[in-house]
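In structure tokens below, several structures.
First chain A sits with chain B, and in the next complex the same chain sits with chain C.
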Partner chain A sequence: MKPRKMLVFWCSLLGLIVAMTLLSGPLATHPVNEMDLDAVYSPPGNGHLLGTDHLGRDVFSRLLEGGKVTLAVASLSVALSFVIGIVYGGISGYVGGWTDSVMMRILEALISIPSLVLVLGFQAIMQGGMWGMTFIIGVTGWFTTARIVRSEFIRLKDAEYVKMAKMFGTPLWKIITGHLLRNSLPPLFVVTIFNLAGAIFIEVSLSFLGIGIPPAIPSWGNMLYNAQNDLLIGAWWIGVFPGFLIFLTILSINFIGEALKDPGRRRFHA
Partner chain B sequence: MLNVEHLSKSYGRGKPKKAILQDINLTVDEGEIVGIVGESGSGKSTLARLIMRLESADEGTVSFATADDFYASCQIVFQNATAAMNPSWTVREILKEPLRKMKGDRDAHIREMLEKVGLEEKHLARRPSELSGGERQRVNLLRSILVEPKLLVCDEIVSNLDRLIQKEIVELIQRLNREMGMAILFISHDLKVVEHLCDRVYVMQGGRIIEESVKRDGHFSFEHSYSLMLFE
Partner chain C sequence: MTVKWIGKRMMLGILVLLIVSFLSFFIMNAGPGSSATAYYGGNAQTLTASEKERISKEFGLDRPLIMQYGSWLKETLKGNLGMSAKEGRPVTSILGERLPNTLLLFGVSMFFIILGSVWLGMAAGMKPGSLLDRGLSTFSIASSSIPPFWLGILFIYLFSVMLGILPSSGTRSLSGEGGFVDKLRHLIMPASVVVLTHVGLYARFLQESVKSEIGSYYVMAAKANGVEEREIRRGVLRNAFIPYLNYLGMTVPSFFGGSVIVEALFAWSGLGQLLVKSVMVKDYPLLMGGIMLTGLIVIVTLLIIDVLMYMLDPKLRRGELGG
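And now, the complex of A and B:
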């Protein structure tokens, strides 16, 4: 398949998943927490499209609602890490000198700690719910963004058009947003796409370990966590469907990121 | 108007530093077109950056008669028009940047000035990558003259262009000088262009000005062997 067609395919697939989760309200066939104890472990079909879980809850409805929660946590945390990364990397790259050296050494120290360890540490302190998880993933996921922003700012701050802007008396905020940040967007966009895949993975991992989203709120990670024992009794549908959706979502995001990494595809070059 | 006295600049750490400019003295008077010629590496562009206060000099002074707002009175056009324009901005955004403080209709002013450099309104919506080399250099030039500076420093602005476009840009500079009374400091290694355009010329070699010549009867006369070799 040609790269362009590949990109269209993966974007369509991701778009379909996102649209289905966003429309979980009208698309859900049952309330997400409605229990039907007469129909526990019902296989797919039989009034429940993707079957039911150990409490008789509809897997299809929970899958849609869980996707909304997972994708919302991932998107918001990536937005938070995007802002922190831009501010940190921007200051480091633009100011330069000793400020840059100190800030980069701190960043290198933080990068050397596996992010899952940082997330676990934060979670142990905060014991947060959905918003807490978003915050934790956000404040531990900005390192790569900061490095990219820093390197782009260092490259661009001495560009001739930036020198011209300074000569014309353009205010600093306008130089940073209009010249530096705007021309840093292509690589930033790519790294943010990969961060999104990483954030989904962390949410799913923590929920799977039972320390993520509270059990009352359905998420793809929580559904996998609950499905661990169910798989042993042959209720494969409880774990397979969320697992498959997680797999497809992360795969499509990664393929989109890879396609956009191709410099020939970028519209503008600074 | 512009007075450069005993200007020196070196690069590198420790000793000995590499001297790029040594004891440079030059003047540009109002409405004058002054050329600086020399081979690549003779220090012409460094001199331009020092005049524009983009770098600081080790020794010497650069003084400008109307010093209220230096960059409103003195502007530079860089050699590489592509690098001098934000690739993400449209020509309209690029041209509006120097007019940030202007009161009144900025769009009307830009439209009026577009004609002066031979551009059309359709160019305003384009990005630099969508312009030809000549159009790009015209936009670059127009941006610098929008603030109507008293002195325009042109750093090798026709070097990357073909002869036909070079001619158009040179004629444009002559017209700007005539109509707006703008003094031009024209830095180039293209001797034919300098000979055609300038009233006075400084010859640079190895970071020094070795000779100054004033055009008489359409020609410059030189005594230094290096200048004679360059212009022969």
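And now, the complex of A and C:
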């Protein structure tokens, strides 16, 4: 496939998934938490498109609703890490000197901790609901963003037009937002897309481990967490469908990121 | 020169560990539930204010945080990581029991990832435009998008539930005599999940650096002079291996984080599973110790990679790139 066509294909697939989760209200065939104890572990078909779980809840409807939760947590946390990354990287890159060195050493230390472990540390003290999760993923996900903003700012701050703007007495905030930040957007955009895949991954992982989103709220990770035991008695559909949807979502995001990264590969290698 | 360079790297590693400990100590102690009340679990709510105060005094929790950190650091340097709040045993001995399992899983999967990715990356990179070359990028993106725990679930369903040929969890059979072979049987599934979800990523990286080496003048000159294919391969691999090692180093932390989940899924009693458990029961001393040990493993791995790079890269040895 041509790169252009591929981009369109993966964008549409991702769009379809997002749209389906957003429209979970009208699309769901059953209420999310409706239990049907007569139809426990019923396989796909028989009035339940993708079968039912251990409480007789409809897998398809929960899948849509769960996607909404997972995607909302992921997007909000990425927005948070976007902001933190820009502020941290921006200060480090613009101020430079020993401030930059200190901030970079701290960043290096943070990067060398497995982010999942860092998340676990936070989770131990918060164990909140959705908002807590969003906060934790956001607060631990800004490292690459900060690095890119820093290197872009360092590259751009000595550019002719920035010097010119300074000479004309353009206010600092205008130089930063209008010149530096604006021109760092393309690589930032790409890294943010990959961050989104990462955020989904962390939410799903934590919920899967049973320490993420409270079990009462359906999310893709929570569904997989419940599916672990169902699997052993042969109810494969409870685990296979949410996992496949997670896979498709992350796959489309990664392909979109790759497609956008490619044209200017050298520039984006920070 | 060499000693100085390695010393500098080690200092950096120690600094990183210090920052890690400092951060995680403060994060954990900023939270509402103190480890003193965690000690009492569900009974914590029934404690009166004066009892809480007494406990805080006993554990030294009434002192300023920075002082607490100081004494934690002092004890840690002596090799004392405190007592697990839940199990009542020294953290170091619990960690000691878990460490071999984690290192086994980490080491085995790392070995196969390097082996597989070098083989795939070389094969694909040396023949630009071939099917393997074109297929590898797609395979790499696809395989790294699979959530490892989902692949694990599918494996368990396939190999344990349906075929019944591999154990679904644990590090040894409960009924069997145990032993090395038994452990290996338990290792197969977790290790293959880690390898399969990572090998593509590294193979692709090597493939791209091999491709950029192949186009360079020294390869063309060598070919023109009739240097044997095998010799060329060796030269290309050697040069492409340096950025590959660097990439390996960069991704070790996230790689290690991924194995946490795999450990938990397969009930592989290693550090990762321990970390998850200590989060669930809010066992702060144990969690703190686990994080520090994880950090140490990552730092040591990075150090090994650094030394390898130093040995391979003459530019580094001559100090051209700076430490």
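Methods note: the second predicted complex is superposed on the first by the 263 of 270 C-alpha atoms of A that agree within 3 Å, B and C clash if a C-alpha of one lies under 4 Å from a C-alpha of the other, contacts with A are read in each partner's own complex, and residues count from 1 in each chain.
By definition in this document, contacts are C-beta pairs under 8 Å (C-beta built on N, C-alpha and C of every residue); 3 or more make two chains touch, one makes a residue touch a chain.
Computed from a prediction, not measured in an experiment: that's the story for all the values here.
Judged by the number of chain A residues each one touches, C leads among chain B and chain C. In the superposition on chain A, A:F255 makes contact with chain C only, while chain B stays out of contact range. Of the two partner chains placed by superposition, only chain B is touched by A:R182; chain C is not.
In the overlay built on the shared chain, the residue A:R4 is in contact with neither chain B nor chain C.
In the superposition on chain A, A:T170 makes contact with chain B only, not with chain C. When the two complexes are overlaid on their common chain A, residue A:Y161 makes contact with chain B while staying clear of chain C.
Using the contact criterion defined above for the overlaid structures, shared-chain residue A:R105 touches chain C, although it does not reach chain B.
Across the interface of their complex, chain B is touched by residues 159-161, 163-165, 167-170, 178-179, 182-183, 185, 268-270 of chain A. Chain A meets chain C in the complex at residues 105-106, 108-118, 120-126, 197, 201, 204-205, 208-211, 224, 227-228, 231-232, 234, 236, 239-240, 243-244, 246-247, 250-251, 254-255, 258. Against chain A, in their complex, chain C makes its touches with residues 12, 15-16, 19-20, 23-24, 27-28, 30-33, 141-142, 144-147, 149-150, 153-154, 156-157, 160-161, 168, 253-254, 256-258, 260-261, 264-265, 275-276, 278-280, 282, 284, 287, 291, 294-295, 298-299, 302.
Residues 52, 54, 71, 75-76, 78, 80, 83-89, 93, 97-98, 100-101, 127, 129, 143, 147 of chain B are the ones that touch chain A when the two sit in their complex.
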